[in-house]
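Quick heads-up: structures coming right below.
In what comes next, chain A is part of two complexes: it sits with chain B in the first one and with chain C in the second one.
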Partner chain A sequence: MSQEENIKQELITKFGIPEANFRLPRERRIFVEVGQEIFPAVFDYAVRQLKFCHLCTMTGLDDGDKLSVIYHLAQDRSIMINIKTSVPKDNPKLMSVTSYFSSADAYERELADLLGFKVEGLPPGNRYPLTDDWPRDQFPLRKDWKTPATKV
Partner chain B sequence: MPNSRKFKIPIGPQHPALKEPEGFSIALLGEKILGLDIRLGYNHRGVEKACEERSYIQAMYLVERVCGICSHAHSTCFIQAVEEIGAIQVPKRAQYIRTIIAELERIHSHLLWLGVAGHEIGFDTLLMYTWRDREVVMDLLALISGNRVNYGMNTFGGVRRDITPGHVAEILKGMDILEERTKYYVEVATQESTIIKRLSGVGVLTLKDALALDAVGPTSRASGVDRDVRRDDPYAAYSEVKFDVITDDHCDVYGRVIVRVKELMEAYKIVRQCCQQMPEGPLTVKVPRKIPAGEAISRYEAPRGEDVHYVKSNGGEKPERVKIRAPTLANVQAVKCMLKDGQLADMPIVVAAIDPCFSCTDRLISIAEPRKDKRVMRWDELRDHGIAWHRARGIDMDGLNLKFRKMLERV
Partner chain C sequence: MNWLKKIITWSRMKSPWIIHFNTGACNACDIEIIASLTPRYDIERFGVLLKGTPRHADVLVCSGPVTRQIKDRLVRIYDQMAEPKFVVAVGTCACSGGVFQGCYNVLGGIDKAIPVSAYIPGCAAGPKAIMDGVVKLLSSLEEKKVTAADVIIEKKELPAVAPVPPPVAGPGPAQEEKA
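Up next, the complex of A and B:
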């Protein structure tokens, strides 16, 4: 069994994640979707036990009535795991992972600015990447937000 | 004691080292940096949103323009993700050509950086030398692609231009010249006391901090982090060429010079191997206009470090989501750590030492220096404060202005 498959089986036995939530498209890539209730435990396990110790980035997605975020984590010299979790759009609360990776600071501010996530536990600081006078209720990466060029 | 006063100075948004905007607010105790606050975002152009409104091929050209120096890095990273979603098999020859351009780009970027580093420490001879030598690789890129930057080599399923035997001969000639020159720079970097003394112990980033802050590229490798996407998650033709991942344990700006100079030598090695091993064959495969639904994440070792692109497709003609994480965003976090407890005068070279590229990055971070009397002045308030401060010390510009006006009237 490949290393990727091993990690998948380990997560299935440990957290009872349905097999259909996994996708192993090629070597060195694991995509997995988990619910908010088990996300903190899965994330902790991936970082501390499975040694996915490098946070490459975080991607925010507008999935209709949900907002999703993908944590792209990499092991040294090998596999990358992409853990996706979703929160309802009307209450997009997200726990900060800055206690694991201080580099998450910028990525989480980006989620807050561009998609309107409410990140709990993020230390106070400047906004990023939008300007200070950008309206607080305008989230450019949401699908219903149109640029002036495409507004009809 | 004159040194005992804490104060905060703003630097930027005009960059003190490179000609790109970002703002620093530095808390100082005398000349010592206590902490700093970095404000980025001045270059935010909404590229990710713009990609969602364009076809894949248009998005590719847009992404190439994220950065002027590592344009090939961004476009390759992006199309690798799209090609993975579409299960497009890129021909071997095209992968070798992508690798050659990637390494030529690294050579041009590192030589440019070495010049800037020399300039920041007042060693302008080094700037003149390296930028003269950089023209060799710029000419090669122009010869192959027609452009000095934004080469436009990539297209989905392959590359747009071939590297002919004539090009190969020119490339190999160029590599010989540059290798000779780089040997001299290795000598300069390891023996020239000006460089060693000026850069040693400046902008220290320990291995532990580099790992904790997720630093990437030469910045992290100079702190002993043995990571390089070209080896760890190979793409293009990197799995078929031999090269060493350069690391150094100086953990300071000096280490970053050593790593980049030695990486130049590795780049020549890679280019030569690619030129020799490049198989014959087609340059592209036919690609459907619509990319099937799916998602992929692509990593790429750009000259400045790991570049990450995530692409999601909904099966249409336009991407559903494009996420770009340029290496400077990962490294700018480490700058706070490097500058803390350092000297203000070291700031330009420390900032320049991560080889920052803010048009790629445009992100923000913050550090809060605890202080009770925090007050932000607007420009007009600062002006009024300045006038009042001088008046209290007997200097009244109003009176002087009047005097000058009268003198002018008499003339």
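Up next, the complex of A and C:
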């Protein structure tokens, strides 16, 4: 079995993630969707046990009634795992991963500013990337947000 | 002391020192500004010198739309320049915001932040257009026969900087957010 298959089977047996949530589109790429309740354990396992020691980036998505994040993690052997997790839009609480990757705070501030995530455990700091006078209740990358120019 | 004012105006027209500031441009206009300064078009032969600090410059050459983050820096650089000072907006984005109008991070053209003396449209504004704009700016000084003192008065009569319009809320749910 290939390395990606091994990792997939390991995660299935360890956390009981349904096989349908996995997608292996090509070699060295793993996509997996996990629920919010098991996400901290899966993330910890991927970082500490499977040695996905490099956070490439984080992607935030507006999926209609929920908001999603994809954590793109890479391994030394150039395998990438993309862990996707979703939170409800009316209560978008997200675990901060700054205890694993301190540089993730820039990504997480961006998620908080542009998509309105409530990142728990994010160290206090300035706003990023929006300006300080930007209204706190407006998230420009949400799909229902309209700019003044496009508003009819 | 009229002869002194005349000399000052003459010297200002014959050697306008510029400072170039990118307020969020895609670098195309910046390249064209550099191209107009460097030997191919060589506006340095007319005394136009690119300076490294706003305190030495007479003309602030801005390229790109004003992003909300750069607005305070742009105003600060403008305030650091000595009177009389002129602002040239290079490129369509600098004139009006261009294709970036309405972006959540963009305020608009340069005139949303500071008063502008000359607009040079174009995407990107070519070196010839930039030279034309600079010549028109300088010749407007000559035609009006304004002295340095007049220019100071004229600049002070310009309208105050428009306040930043607050973004209009979409139909999204209003939520509290932790700092």
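What we mean here is this: the second predicted complex is superposed on the first by the 145 of 152 C-alpha atoms of A that agree within 3 Å, B and C clash if a C-alpha of one lies under 4 Å from a C-alpha of the other, contacts with A are read in each partner's own complex, and residues count from 1 in each chain.
The rule is short, and it goes like this: a contact is a pair of C-beta atoms (placed from the backbone, for glycine too) under 8 Å apart; a residue touches a chain by one contact, two chains touch by 3 or more.
All values derive from a computational prediction rather than experimental measurement.
When both complexes are overlaid on chain A, the residue A:4 reaches neither chain B nor chain C. Contacts of A:130 after superposition on the shared chain: both chain B and chain C are touched. Looking at the shared chain after the overlay, A:90 reaches chain C, while chain B stays out of its contact range.
Once chain A of one complex is fitted onto chain A of the other, the partner contacts of A:54 are limited to chain B, with no touch recorded for chain C. Once the two complexes are overlaid on the shared chain, A:116 sits against chain C while remaining clear of chain B. When the shared chain is aligned, chain B comes close enough to touch A:103, but chain C does not. For chain A, the partner with contacts to more residues, out of chain B and chain C, is B.
Residue contacts after overlaying the shared chain place A:144 against chain C, while chain B stays out of touching range. Of the two partner chains placed by the overlay, neither chain B nor chain C lies in contact with A:33. Touched by chain B in one complex and by chain C in the other are residues 124, 129-131, 140, 147, 149-150 of chain A.
Within the complex formed with chain A, the residues of chain C that make contact are 68-69, 71, 101-105, 164-179.
Those residues of chain A that touch chain B in the shared complex are 25-26, 28-29, 31, 53-57, 59-62, 70, 72, 74, 76-78, 80, 82, 101-103, 105-107, 109-110, 114, 123-131, 140-141, 147, 149-150.
Those residues of chain B whose C-beta lies close enough to touch chain A in the complex are 37, 39-41, 44, 46, 48-50, 53, 84, 211-214, 226-227, 231-233, 294-297, 299, 306, 308, 310, 312, 321, 323, 325, 329-330, 332-333, 362-368.
For chain A in complex with chain C, the touching residues are 89-90, 112, 116, 118, 124, 129-131, 133-140, 142, 144-151.
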